[in-house]
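Okay, so chain A shows up in both of these, paired with chain B first and chain C after.
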Partner chain A sequence: MSERQLNRIRGREVGTIFQDPMSSLDPVMRIADQMVPPIMRHLQMNQETARAEAIGWLDRVGIPDAGRRIDAYPFEMSGGMRQRVMIAMALSCRPKLLIADEPTTALDVTIQAQIVELLRELTVETGAAMIFITHDLGLVARFAHKVGVMYAGKLVEFGPVKDIFAHPCHPYTQSLLDTIPPVNQPERRKLTQIPGFPPDMKLPLVGCAFKDRCAAAHEHCFKDTPELSARGPGHRAACFLPEGLGEARHSDAETIPPMVRNSDDRVVVEVFNLHKHFVGRSLTPWRKPPTVRAVNGISLNIREGETLGIVGESGCGKSTVARLLLGLDPVTSGDIYVDGMAQMVFQDPSSSFNPKMTLFDIIQEPLVVTGWGNRAARAERVNELLSQVGLDESYAQRYPSQLSGGQKQRVAIARALAIKPSVVVADEPTSALDVSVRAQIINLMVDLKRQLRVSFVFISHDLLTVSYISDKIAVMYLGEVVEYGPADEIFRHPSHPYTQALIAAVPVPDPVAEEARVKNPLSGELPSPLNLPPGCAFASRCPKATDYCRAEKPILQAYSGTREAACHYAN
Partner chain B sequence: MTQEIVALPTRRPLDVSSLPIQGLLRLVSNSRVQLALAILMPIIFLTIFRSVLPLPGPLDTNLRAMMQPPSIEHLFGTDRMGRDLLSRTLAGVQISMFVGFAVAMLALAVGLVMGTLSGFFGGVVDRVTMAITDIFLAFPSLLLAIGLVSVMGTGMLPVVLAISLSDVPRFIRLQRSLVLTLRTRAYIDAARTVKASQFWLMTRHIVPNTIAPLLVAASIAAANAILVEAGLSFLGLGIMPPEPSLGNLIRDGQSYLEQAWWISTLPGVVILLIAIGLHFLSDGIRQVLDPRSRK
Partner chain C sequence: MLTYSLKRLAQLFVTVLGVVTLVFFTMRMIPGDPISAMAGDNLAGAALDKMREQMGLTEPLLLQYLHYLGGLAVLDFGNTVTTRLPIIQLILDALPVTVSIALGTIFLTVLIAIPLGTLAAYMAHKGHRMLDNAITGVAMVLDLMPSFWTSLVCLLIFSLALGWFPASGTVNIDDPVQMLRRVALPVLVLSMAQIATMARITRTSVLEVLSEDYVRTARSMGWSELRVLFRHALKNAALPIVTVIGLSFGNLLNGTVIVEFIFTLPGIGNLLVGGINSRDYQMVQTLILFYALIFVVINFATDLVYRLFDPRVQF
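Right after this comes the complex of A and B.
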C-alpha cells in the first residue's frame, strides 16, 4: 500500500494512542494545529466546524476550559493531560478501530485509572473497537473483553477475558498470571518465576517457541510447532497439552513463613521530622527564590529484618527520602539515625554500573573503599555474594553490558549486600524489568530478607508489589506520610482517602473482582510542591474534603491502635 | 538456603569495547579504520625507514640535478637546490606527525585534568576555568597560534605549544560536558554510599569512561594540528628552512608553480592524504565506540 492509501486509513479507520505522551505530540505546534487539519481532511469539514468539533472532543476527554486550552502548546500540559489530548485526537475522526500501545505505562496509577476509565467510556459511547497493547495483566482484567497473549512473535492464546484468567490453557499464560503478587491471600506464597529468556528471534525456530522455559515441555514440543486449537467457546491456545502445565502449575509455589517479630529487635533506622527543601534560583535578587518542599516532616522507624514499603505517585518525595537515608543529599532539617550502613539498589539497571568494570570489581568496590579484608578474602566474599543472588561464579569476569536486566538487578543487590549493611534501600528496583523477571527479583529479595535479616526499604508506585514484599507501609503524598502501619492492614482496610484512592486505582488481575469494584478514579492531579496549600495537601483531590480540611492541616495520629493516619475524617 | 542458578549466560554478543585486545580487533575490522590504515601505514612506514631507504639526505644539495621533474631517480623530483623532494617530504612528514601527536597528547592531557576538575567540582573552579576557556575559544585557532608564535619565536617547541594552547579549551569543554553527564550516573551514587573519596570517583568511575570520546577528539586534533603547522610554516612562522616541513616545502615551490609544479603539489597531496587518513581514523573509532551507530 502506498503512503497516500495508508493516510486514508490512518485517522479515519484506525486511530492510534502512543505510549509516551511526552514525545507523541509535536512540541512546536499548538494543540489546535495538530488536531484540526485531520478532522478537516477526514470528515470534510471547514476550519470553523472542525475547530468546534476538536473543542468538543477535548471537552469530552476531560480537558478543563477546552476552548482556551486548544490554543495551548503541549509543554503547557501535564503528562495526563497530554494523553487525554492524544485520545481526543485519536477519536476525533471517528475511527472504527482504536489502537492504544501501552497508553498508560508512562503515567502514575491514579492518572492511569482516570485514562483507562475514560478510554472505556469513550469506546462504549462511540462504538469504536480497541486494541489495547500492554504488559499489565491487571489492566487487561479491568477492561478488555477478549485477550490475545503473544510470545516470540506469535499469538499463543486467545479468548474471552474471564476464560483466560480463570482457565488459562497455555503454559506461558499460566506462568505469567502466577508471576503477579496475589491480592488478599491469607498466607504468602512465592511467586512463580519463568526461567530463561525469550528465544533469539534472529535464529530459525524449531518446535514450540516456549519449550525451553516450559516445565511441561516434552519431545513433541521440540519437533513440531503447535497451532492454535479450540479450548472452549471462542477460546484457543497453541499448546499440545490440553491443560498446559496442568497439575504442575502450582507445585513449586512454596509458602513464605510469616516473619517472626520480636519487640526487642533493634531499630536500625530512625527518622525524625525530616525535611528537605530544594531552593531554586530567584529571577531577581530581591524576590524570594522558589522552594520545592520535597519532604515535609517525615518520621519513620525500621527494625532489624523488617521491610518498609514507601508508596506514592511520582513527585511525592519518595526517592528524595531514599537519597536522604543514604546520605547522598544533605537534609534541610530533622534527624536520621542509621545503625550501621545503608546501601542502595537503583531503579535503572543500565546506569547502575560502570561499564568499564567487571562484575568482580563492581561487587568488591564497596569492600575496597571501606578497606575490608585482603584481596583473597574479598574474592571469596564476591563469590559468596554471587551465589547468594543466584549467579554463577563465572559471571565475576563479565561486564555489565553482557547481562540482562534481571541479572543486572541481581548484581546490584549483591553489591548492596557486600558490606553487610543494616538496611538496603531499593528505589523502584523492579519497574524497569519484565513481568517474569520481576517475580524473580521479588522472590530473591524475600529470600535474602529472611536469610540475612537485613532490613529493606522498598520504594515503588506498584502497590501490589509493595504490599506483597513489605511488613510496613508508608503512603506518601506531597512530601508527607499520610498513612503508616502494617502492610496487610493498610492494603485491606485503608483509612486515609488517598490510600483508598490509590488502592482503588490499582488494577487487579482478576476480571470478576474488577467488575465488582466501584470505579471512581481520583480526579485531578498532584498540586505543585512549589506552593503547598495551608491545609491538608490532599484536600484539592479528596472526595471528603471540607473547609476545615482546607484550613487546618491534619497531622499523623494514631489510628486503630496499630497504625497512623493524617486525616480529620479517617475511617 | 542459596538461590538456584536461574541465570544462564546470555547469547548476546560480547561488548568487546571493554576488553582491550578484542576492542583493538574490532577497531581494525571497521572498514573506515581499514581505509585510514591503508592510507596512513605506507606514509608512516616510509617515514620511519627513510634513513634505510636509498635516498639522499633531506638537506643534501646536488647542483647538477636542480628542478628535475619526478623520475625513477627522484620519485618526487628535486627542488631549485637539487635536493631530493621525496626525502624532504618524508622528513617533513616526520615533523608533521610529531607535531600532530605531541599536540594531541598535550591537549588531551591538559584538557583531561582541567575538564575533569571543572566538571566534577563545579562552583568557583568551574566558573574560572570556563571563563578562561571562553576567552581562548573566541580566537580562531590559526590566529591564536600566529600570535603566540610571534611572541615565543619559531621552531618546533613554540609551534607545538601554540597549537596545543588553541586546542586545549576544546578538550576542556568536551571533558567537562562528559563529566557532567557521568556525574549523575547511579554508579557514582552507589560509590558515594560507601563514602568513596572524590579522587576514587574521578579516577575509577569518571575518567575511564571519558577516554574513548577524548581519543576521537584527539585524532581530529592531530589532523588539525598537522594542517595548522603546515599553515604556520607556509607563513614562515613555523619550522624554519632549510629544515623541511610540509608547509615550507609548499612555500618553497609556490614561486615555481609554472616551471616545477611538483615542488608544491606533491607535498600538498601528502598533507591531504594524512588529513583524510586521520579523519577516517577518528570516524572509525567513533563508529566502533558509539553503540548507536552499530548495526
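Right after this comes the complex of A and C.
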C-alpha cells in the first residue's frame, strides 16, 4: 500500500493512543491545532463544525471546561488530562479500530483506573474495536474480551480472557501469571521466576523460542517450532504439550514461613512529626515565596527485620520521605532516629551507577567511604555480597552496561547492603523492570530480609507488590500518612476512603473477580501541595466528604486496635 | 515580562560599561597615539606635545577615563582626530551599508540553510544516506573556507571574469539597485560560512525531533510527510536554529569587517579599521560600544523569538 493510501486509513479507520502522554502531544501546538485539522480532513467538515466536534469529544473524555481548554497547550495539562486528550484525538475521526499501546503505564494507579474505565465506556458507546497492548495482566483481566500472549515476535497463545486466566496452556502464559503477587492468599508463596532471557532476535530461531526458559522443554521443542493449535473454543496455544508446564507449574513455589517477631525487637528507625517544606523563590522580596509542603508531620517506626511499605500517588511525598530518611535533604522540622546505617536502592538501576566503574568498585564504594577493612577484606566482602544477591563472582570485573536491568538492580541491592545497614530504603525498586524480572527482585528482597534481618522501607505505587513484601503499610496522601498498620489487614479491610479507592483502582489479574468488583474510580487528581486546604486534604476527591471534613482536619488516630487512620468516618 | 525586561536592561548597562572600560584601556596599551599616527615622521617633538596637551592626552589616565564616561553620559561621542567630524554622524552614515550586508546574509542563509538542513534530516531519517552525506559534505567544505579567501575567489569570478558585479566604487543608499549590486558579493561570501553551520544545526535538530513521540502521533492521524515535517518537526526544531541565528550575528560583525575591507565598502567595519590605524581612541571606543549594543539587543530579540516558537518559554 502506498503512503497516501495508508494516510487515508490512519486516523480515519484506525486511531492510536500512545504510551507516554507527556511526550505524545506536540508541545508547541495548541490542542485545537492538533485536533481540529484531522477532523476537517477525514470527516470533510469545515473549521467551525470540526472545532465543535473536537470540543464535544474533549467534553466526553472528561476535560472540564472543554470549550476553553481546547486552546490550551499540552504543557498546561497534567499527565492524566493529556492522555484524555490523546483518547479524544484518537476517537475524534470515529475510527473502527482503536490501538492503545500501554496507554496507562506512565500514569498513577487512580488515574489509570479512570482512563481504563473511560476507554471501556467509549468503545462500547462508539462500537469501535480496541487492541490494548500492555504488560499489566491485571488490566487485561479488567477489560479485555480476548487475549493474545506474545513472545519473541510471535503469538504463543490466544483465547477468551476467562480461559486464558483459568486454563493457560502455554508455559510462558502460565509462568507469567505466576509471577504476579497473589491477592488473597493465607500463606505467602514465593513468586515464580522465569529463568534466563528472551532469545536474541538478531539470530535465527530454531525450534520453540521459549525452550531455553521452559521447565517442560523436551527434544521435540529444540527441533521444530510449535504452531498455534486449538485448545478449546476459540482458544489456541503454540506448545507441543497439551497442558504446557502441567505438574511442573507450581513445583518451585515454596511457601515463605511467616516472620517470627516479638514486641521487644529493637526499633531501628523512629520518625516523629516529620515536616519538609520546599521554599521557592519569590520574584519580589515583599511577596511570600511559594512553598511546597511535601511532608506534613508524619510519624513512623520500623523494627529490626521489618518491612515498611509506603504507598501513594506520585506527588504524595513518598520519595521525599526516603530522601529525608537517608539525610539527603535537611528536614524542616521533626526528628529522625536511625539506629545504625541507612542505605538506598534507587528506581532506575541504569542511571544510578557510574558507567565507567566496574561492579567491584561500585559495590565496594560505600566500604571505602566508611573506611571499612583493608583491600583484601573488602574484596572478600564484595564476593560475599555478590553471592548473597545471586550473582557469580566473575561479575565483579564487569561494567554496568554489560548487565540486564534485573542484574543491575541486584548490584544496587548488594551495594546498599555492603556496610551492613540496619535499614535499606528502596524507592520504586521494581518499577523499571520487566514483570518476570520483577518477581526475581521481590523474591530476593524477601530472602534477604529473612536471612540478614535487615529492615526495608519499600516505596512503591504498586499496591500488590507492596502488600506482598511488607509487614506494615503507610498510605500517604499529600505529605501525610492517612492510614498506617499491618499490611494484610490494610489490604483486606482498608478503613480510610483513600486506601479503599487505591485498592479498588488496582486491577486484579483474575477476570472473574474483576467482573464482580464495583468500579467507580476516584475522580479528580491530587491537589497542588502549594496551597493545601484547611480541612482534610482528601476531601476534594472523597465520596464521603462532608462540610465537617472540609473544615476540620482529621488526625491520625487508633482504629480497630492494630492500626491508625486519619478520617472522621473511617470504617 | 516587565521584570524580565528590566533585568535585561540592567544587564545591558553592566555589559556596555565593561566593554567600554576594556576598550578604553586596551586602546591606550597599543604603542603610539593619535598624534604620532597622524604626524608620522614629519613633525618635531615639541609641536606634537602641544597637540597632545590640547587633546587632553597628557592628563592622568583615570581622569581621561572619567572624562570619557562623563561624555558618554550625555551621549557625547566626540569628534574624529583628523577631520574633526562628529563620530556619531560618521557611524550613522556607515551603518546602513553594514546593516544591509548583515541582514542580507541572514536572509540568504535562512533561505538556503533551513530547507537544505531539513531535507538532509528527512533523508537521513528515511535511511537515504546518500543525499544526506552529500549535503553535509558540501556544508563542511563551505565551512572550512576562510572568508578572506572566498572573497578573493568571488571577486575573481564574478567581478573580473564575468563582470556581473562591480568590485569597487561608491555606494549610494538612495539608489537601491546600485546598492544591491555592491553588497551582493559580500553577502554571498558571508552566507557561505553561515549556511554551513546553520544547515548542520537544522539537520541535527530536525532529525532529533523526527523521532519524537508527537511526530509519531501526527503520523498516526494520517498526515502526509510534508505536513509532519513542516507543521510539527520544524516548529519544534526551531529553538536551536534561532539560537544559532542569534549567535551568528556575532560572527557576522566580525565578517563584515573583513568583507568591507576587501570590497572597499564604506561600512562601520571599515571605520573601525581606519580608527585603529589612526589610533583614533574616541572612534574605536564608540564603534565597539555600538557593536556591544547591537549584540545585546540581538540577544534580547532572540529570547523574544523563543517565546514565539515555544509557548513553554516563560519570562
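As a convention for this text, the second predicted complex is superposed on the first by the 571 of 571 C-alpha atoms of A that agree within 3 Å, B and C clash if a C-alpha of one lies under 4 Å from a C-alpha of the other, contacts with A are read in each partner's own complex, and residues count from 1 in each chain.
Methods note: contacts are C-beta pairs under 8 Å (C-beta built on N, C-alpha and C of every residue); 3 or more make two chains touch, one makes a residue touch a chain.
As the structure is a computational prediction, the values presented were derived from the model and not from experiment.
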| item | value |
| --- | --- |
| Room on chain A for both chain B and chain C (clash or fit) | fit |
| Which superposed partner A:Q451 touches (first chain B, second chain C, both, neither) | first |
| Chain A residues touched - chain C or chain B, whichever exceeds | B |
| First (chain B), second (chain C), both or neither touched by A:T225 | neither |
| Partner chain in contact with A:V369 - chain B first, chain C second, else both or neither | first |
| Partner chain in contact with A:R10 - chain B first, chain C second, else both or neither | second |
| A:D348 touches, of chain B and chain C: first, second, both or neither? | first |
| Which of chain B and chain C A:T291 touches, first, second, both or neither | neither |
| Arrangement angle, chain B at one end, chain C at the other, chain A at the vertex (C-alpha, nearest 10°) | 30 |
| Touching partner for A:S431 - first (chain B), second (chain C), both, neither | neither |
| Partner chain(s) touched by A:T546 [first = chain B, second = chain C, both, neither] | neither |
| Per-pair minimum CA distance [chain C against chain B, superposed on A] in Å | 7 |
| Doubly contacted residues of chain A, that is, touched by chain B and again by chain C | none |
| Contact set on chain C toward chain A in their complex | 3, 212-214, 216-225, 231-232, 235-236, 309-312 |
| Residues on chain A engaged by chain B in the complex (per definition of touch) | 193, 195-197, 200, 323, 326-328, 341-344, 346-348, 351-357, 362, 365-366, 369-370, 387-392, 394-395, 399, 401-404, 406-407, 410, 415, 419, 440, 444, 447, 451 |
| Chain A-facing residues of chain B, complex | 1-12, 14-15, 18-19, 185-187, 189-197, 200, 204-205, 208-209 |
| Chain A residues within the chain C interface of the complex | 3-4, 6-12, 14-16, 18, 20, 23-29, 34, 38, 41-42, 73, 75, 86, 89-90, 93, 283 |
